[in-house]
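First the structure, then my questions, so here it is.
Note that the chains take the letters A, B, C and D in the order they are written out, and that residue 1 is the start of every chain.
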Amino acid sequence: MELLLVLGLPFFGTLILALLGARRFAPELNVGVSLATLIAAAFLVSRVIRFGPLLVWHEQFFVDPFNVFLVALTAFVGFTTAIFSRPYMRIEQAHGRLTPQRLRLYHSMYQLFMGAMLLALLTNNMGLLWVAMEAATLSTVLLVSLYRTKASLEAAWKYFILCGVGIAQALFGTILLYFAAEQTLGRQGMTALLWTHLNAVKAHLEPTVLSLAFVFLLVGYGTKVGLAPLHNWLPDAHAEGPTPVSAVLSGLLLNVALYAVIRCKVLVEGSIGSTLPSRMLMTFGLLSAVLGAFFLWRQRDIKRLFGYSSIEHMGIITFAFGLGGPIANFAALLHMTVHSLTKSSIFFTAGHASQTAGTQRIDGIRGLIGTSPTIGWGLMLGSVAILGMPPFGVFASEFLILTTAMREDPWTTPFLLLALGVAFAGIFSKVQPMVFGESDAPRLPHSPALVPVFVHLAMVLVLGIYMPPALAEWYRAAARLIG
Amino acid sequence: MNAEPWLSYASASLPVQALSWLLILAACWCLLGLIGLLRPRSIHFVAHALFPLGALVCVGIMLLAGSFLATGHAAETMILPLGLPDLPFHLRLDALSGFFLLLLGMAGAGISIFAAGYFRAGEGTAPGLMGLQYHIFLASMALVILADDAYLFMVAWETMALSSYFLVTSQHRIPEIRRAGFLYILMAHLGALCILLSFGVMQGGSWLFTFDAMRAASLTPFWATTAFILALLGFGAKAGLVPMHVWLPEAHPAAPSPVSAMMSGLMLKTAVYAMLRVGFDLLHVRFWQWGALVLALGLFSALFGAIFAAVQTDMKRLLAYSSIENIGLIFTGIGLAILFDASNLRLFAALALAAALLHALNHSLFKSLLFLATGSVLHATRQRSLGKLGGLIRTMPWVATFALVGTLAIAGLPPLNGFVSEWLLLQSFLFTPQLPHAFLNMLIPLGAAALALTVALAAYVMVKFYGIIFLGQPREATLAQAHDANWLERLGLFWLAAGCVAIGVQPQVALRAAGAVTGMLFGQAVTSGASIWQIAPIAPEQASYSGLIFLAGILAVVGITFVGVRLLAHGRMRRTDAWDCGYPWQNSRMQDTAEGFGQPIRHMFGAFFRMERELPAPADATPRYRIQIEDRLWRALYLPTARGVQRLADAVSVLQGGRLSIYLLYSFLTLIGLLVFVL
Amino acid sequence: MHRSHLIAELLRLLAAGLLLISFAMLSRRRTQRLITLYAWQGAILFLSTCLVAYDAGLTELYYSAALTLLLKVITLPWILHRLIRRLGAQWDSEQLVNIPVTMLVGLALVIFAFGLAQPISMLATTITRHTIGIALAVILLSFLMMITRRKAVTQVVGFLAMENGLFFAATSATYGMPMVIELGIALDMLVGVFILGIFFFQIREQFDSLDLHHLESLRED
Amino acid sequence: MRAISLIQQFAEIVLAVAIAPLFAGWIAQCRAWLQNRSAPPLTQPYRMLRKLFHKDVALAANASPLFRLAPYVLFGTMVLAAGIIPSIATDLPFARAADAIALIGLFATARVFMALAAMDIGTAFGTLGARREMMIGFLAEPALLMVLFNAFLLYGSTALPSLVDGHATHPSVIDPSVIFAAIAFVMVLLAENARIPIDNPATHLELTMIHEAMLLEYSARHLALVEWATDLKLFNYACIGFALFVPWGIAIHGADSSSALLLAVAALVAKLILAGAALALIESLSAKLRIFRAPEYLAMAFLLAVLGLLVHLLLGANVNA
């Protein structure tokens, strides 16, 4: 039941907001729908805690430890982002960058995007997963091009083509998967693509087909994860879209795409019985981490900067999943969580910072701590957290990942060190002058909503020094699931 | 280990579970910091109420740690329900951590009292926020020392770095300070990564990151060496060991003086602590090559620091370089200890380590004292450049007196504390000929000579420091209005100065504390032949020293002479102008400047520096002489690295060429490549 | 048995036609001609799907065949034709790589695709198993086309052609995906094309051209 | 603690304070003879001191208490040192207070106080002298330490009394390293005590002087104390030299009776006479170096000491404790 609500509410919100999104109370409505979704998700989670994993509607939908916390996370960040976007978009409107019609489009697409992601997370059917991913892509394409400026159109176009092509590869991969499934499960239509079924018989799936399928799936969904060298759409889309969209792209979409990749990886590895997929993940992860770090070095645009930082972190997470084993998987899941919390909060502050300064260019933003201390401290603490400084949670996961890598694959640690060190220098050298120093920027027309920022950071902080047992239990179970 | 009577009394009056009390006190620090946020702008509330309380907490920690050491309890451990799910926070109080907590409390008390009088309104960060950062800094240092698992250690370690970074950049409107802060935090983070990897090696496959597991783990020589080298890199970067020292002379002057004092006096010591913890406690083997490496690094840092301190013209930079020198001395001691221990000469190892520990304690006292004194001078004159100071002994007699104690102590002169540790270090050098490595036996005496040179150079540096700031004629007219420190500041200075004298005159107590540590690590305490009168590391007939007799003797002779002179001769005296070989028109510009005082050093050790001179032409209407000294290592090591990364970044950025077809090509090729790879 | 053999022959013929059309697309310059070719591709897909459905006696495959006819043969080409007429973007003048080279690369790709499909074809039980290699070839060829073309419209056509290839792979290898997913895919396609339509106009009004080299301003410099 | 040791201690200090100026005077006389000038009487230093003690102090207007304290500290340290160095006997209560390394520290204290006092007035020459004095100091100390290393390798101790005792127990040890060490020690002695070739105690030529430049501002009793302390320093160094290299005649622990003490005093006087003559000879034969040659000179001393060390280690005579 909750599941129905979780999936239904966003689509319902899409319609409502599409119909009467131009009204003044649209933002509040948006927040309301997100809140409802969050509550439903909370009930779902509590139910899972009480009765264990779910498998409903002809097994088409399921909730297991791996996706339950991602659902909760998605609903939560979706809600906070909605809160943040309320004043933010008003300010944008006040600056005359948006018309009410665009705002309507924005709100309904926002809900559609949420719905698509939740669908992708909750479905048990690899085909439906693909459909949901495609839907998420399409909705975000519209969101990225919201401003209709040359830059935003270009970004959206690249995003659309690259991810479209990528998703097409993923479809082919899915077809191959289905093909292999038919070989073993026999022809049974819908159920042949159910992840649970496939997982049950993965040992008997045809290895060659599955390894081919994995290549296509990896390239396909990996494009959306932003793995180098398939990442090119990511910085453009993050920089040119409205900030709330950048926040959810970085914070949620990448996670969902990676979730898809990992689901496939579990099947394939079970079938071909070799660590080939893990090796692929590790290589992609390292490459993305290192390249992302080096890209950071010469950024001039604040949102682009953090877009690249997302590439770097996705690389680290992918690498951790590639390492495998209970600890690395645990760390990867933890890193997913803290990264999406931290990165979204950073984008919140970055958005307001660029609004105060009137530009996204880094050397145009100065002395935030003087003009509006909350934004300044938010940005500083957020960056410190994302750079893996304790006591923030990002450090906890990086601690586990690095120590594991040092024991398992020592040859990778120099690359990781390089990536982390270069990323630190790259980001901090740019954040420090933005936060500190003199400035004479005017104040904002609407008071910014920075509660989400500090809520997120507080959660990250807590995760760094104390992890609720229930959460830890999920992580462990999920880690076991991924193997 | 028999306890000092007064110490045993103190311990009798204190609860046995020292660890929990220490934790409570550390929590009190955090609490004080948070309370400060209630009225962040009120300087009176924060400075005059919270900081003295913080100082009290310091005293409490000092007493607890001292009593723990004196009574020689078994190590206490504790587990907090925090941290990672499988890895709750482990804490442990043993002799080693006890000693460094003693150090922390002792120096911290003085600094906090001074800080209470130091912070003025309208300087950089709001006082409340500063108080928070300050006390978090203290608490994190205490936790670093108490941590008993890698995760808690790293958390405390980086919290320490972070809070100190915010303290350093409290006056962030000045670009140089921002730059210094960035360099500092960057080096700290890189170091932390190395430490992390070192722990990753040491946990040795048992996925427990507790220190107990690491003690149990048996590593192959290769992995043990890897862990040691990584740890040396990481902790050396924090301690300011050459060549990882570049951040230190930038960051320490940039910070407000009490913060400089804490960083130099306390934070560097946490690095020393961690090095000892890893080197002697966690790693189960030690190879003499490690000792040789550490010894070489330490000696080089010591010499390097002394030489660079001698040519500085900014008083806080001078002290920062002198910190590098002292850290070098401490690591020299550690290196010797490893050497001796690796060849099973445990008594000598204990001696060398005791010297290192004692020097760490002493340095934390006199270096904080001097940094605080510069703080008072800074407030009184708004001048940091030695070229604009002078003659302050007349306007600031209190600060001058306390600073004199610090100066003599850091110059390694008896009967003050600096001398004791350096003397012990030299003593332990004397036993190196018993090492079973003929080659080392040839080399190490030269090390002793380098040590002697360093110590003597330190005296030179300190004469320059004190003489140019406090003696002579004021180089600026404004210095006449300089005001002396307020009573809180004086109290802080007095506390530290008293510490210097006490340890100098009665080193036995401190040595017993160090002996507890060496007893834990080597089963050897350096107390043989020591009496209440004198210390004798190995045997009295070999070498002994008694600060008490020194002080008493000198005072007695001085007194007798004074009285005698008055009785036999007379006390008549008249004030006149200085004679100066009868040259009548001399003025304050004719004294040696800081540059002038450094000139012989520049002349002798030119190879160390990168100098830019600007000499006046013969027929120059307004002749001006400028010289700029740079660290060669900066250009040799750091700039090339930065340039290399920049170049790589440029190369990488070609990937993002902006052309869609190329992007498609990338993914196409990736696809094809993977397919080929799979087939 | 004899009948199914005949059908298999026919299918192979159609598959060859599909491949031929993709090559033709690679070589064409005129956008309108491309779209016509795309429509033809759709038609062939429709036929092949019907054949497979008839052979396997699957009713749902008839639906998806109908869907194909509706969408890929009628609707999309019609939309695209109208679009380019409205945008006046008939010509796709120059390409990034000249045509003979593209052809050669395409040839190499076909061989590669067949090699790749070999193990899969061995497993396939369906009568259409040899066609999967062709499907893969079509996908790769349209990918190549997207890389080499300069105009937005042609890239989109390439994109759609890729979808065709996928669809063909689905039918030929596995008698088509489950219906729900077919519908989902079709819906996504439709929405995608509409969005593209909107884009064309916006790009046009912003850059007053559909040439992609205007869209190269976002880069690291 | 035995009464005799107290007596010895007291006698030693008094003796040192008493005859230190005499030693200086003796050297001056020998120099005068060697340069065939008419020599001042042996008692010249005493007269000098008496005169100075009875003059009025003319103190610079801006002199701080440190300036007035310094001469007393200087004198005090030197007297203490005299009490520690076994010049006539080895069983001294004070001797345990410091081994040879601690003695170096004691001299360093004196030097630093002198330098600070010289900087206090803020005259050009004062600071110049202070800087040069400190420079000589940090160059000389390593060499001196190396000499002590040699001694330690020989007798396994850095405590001077033990050295003397050890030498007495097995006097057969004639190690080649000793010669190197002795030469190095003499060079250091010359440098540390402001003698030619590093400095000229007689000069007041502004630009060359080191030691004198520091006392320019002192007068009357302060000056007297400084001069006396300077003489004591020379005396002490001489005694260290005797204890290290020619400890014959010193009343060693256990074998010390009053007769032995008298013998020791006689031996000491004899040694001082010879040493003074030798010093005078060296000074007369060598020319003063430019200040920037000083590093080379002291580096040479250091080198010799290290050579001694290496020779010892190579020959492998390892008489360690």
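Definition applied: a residue touches a chain if its C-beta (ideal position, glycine included) is under 8 Å from a C-beta of that chain, and two chains touch if they have at least 3 such contacts.
Please read these numbers as outputs of a predicted model, since none were measured by experiment.
Asks: Chain by chain, through touching neighbours only, how many steps does the shortest route from chain B to chain C take?
Replies: Minimal hop count between chain B and chain C: 1.
Asks: Report the chain whose mean Cα position is at the greatest distance from that of chain A.
Replies: With centres defined by C-alpha atoms, farthest from chain A sits D.
Asks: Which of the chain pairs holds the record for C-beta pairs in contact?
Replies: Per chain pair, the contact count peaks at B-D.
Asks: For chain A versus chain C, what separation do you get between their C-alpha means, in angstrom?
Replies: Taking the average C-alpha coordinate of chain A and of chain C, the gap between them is 31 Å.
Asks: Please tell me the distance, in whole Å, between the geometric centres of chain A and chain B computed from their C-alpha atoms.
Replies: Spacing between the chain centres: roughly 44 Å.
Asks: Please compute the C-alpha centroid of chain B, do the same for chain D, then give the distance between them in whole Å.
Replies: So the centroids are 35 Å from each other.
Asks: Per the centroid of Cα atoms for each chain, what is the distance between chain A and chain D, given in Å?
Replies: Computed value for the inter-centroid distance: 78 Å.
Asks: Multi-chain contacts in chain B: which residues touch at least two other chains?
Replies: 653, 655-656, 660, 664, 675
Asks: Two or more other chains touching the same residue: where does that happen in chain C?
Replies: In chain C, 116, 143, 146, 155, 215-218, 220 touch at least two other chains.
Asks: At least two partner chains per residue is the criterion; list those residues in chain A.
Replies: Chain A, residues with two or more chain partners: 157-158, 161, 165, 212, 235, 295, 298.
Asks: So, with touch as defined above, which chain pairs make the list?
Replies: The complete list of chain pairs in contact reads A-B, A-C, B-C, B-D.
Asks: Considering only the defined contacts, which chain B positions touch chain D in the complex?
Replies: 390-391, 393-394, 404, 408, 411-414, 419, 423, 426-427, 430, 433-434, 438, 441-442, 445-446, 448-450, 452-453, 455-457, 459-460, 462-464, 466-468, 471-473, 533-534, 538-546, 549-550, 553-558, 561-562, 565, 568-570, 572-581, 583, 586, 588, 590-592, 596-597, 600, 603-604
Asks: Which stretch or stretches of chain B touch chain A in the complex?
Replies: Touch residues, chain B against chain A: 81-85, 150-151, 154-159, 161-162, 169, 172-173, 175, 178, 181-182, 185-186, 189-190, 193-194, 196-197, 199-201, 203-205, 207, 209, 645-646, 648-650, 652-653, 655-656, 660, 663-664, 666-667, 670-671, 674-675, 678.
Asks: Quick one: in the complex, what on chain C touches chain A?
Replies: Against chain A, chain C makes touches at 116, 119-120, 123-125, 136, 139, 143, 146, 152, 155, 159, 162-163, 166, 169-170, 173-175, 177-181, 184-185, 187-188, 191-192, 195-196, 199, 202-203, 206-207, 214-218, 220.
Asks: Flag every residue of chain D that touches chain B in the complex, lowest number first.
Replies: 53-54, 56-62, 64, 66, 72-73, 75-77, 79-80, 83, 94, 96-99, 101-102, 105-106, 108-109, 111-112, 115-116, 119-128, 130-132, 134-135, 137-139, 141-142, 145-146, 149, 152-153, 156-159, 162, 204, 206, 216-217, 221, 225, 292, 295, 302, 306, 309-310, 313, 318, 320-321
Asks: Within their complex, state which residues of chain A touch chain B.
Replies: 157-158, 161-162, 165-166, 169, 211-212, 214-216, 218-219, 223, 228-230, 232-233, 235, 276, 280, 291, 294-295, 297-298, 327, 369, 384, 387, 389-391, 395-396, 399-400, 402-407, 413, 417, 420-422, 424-426, 428-429, 432-433, 436-438, 464-467, 469, 472, 475-476
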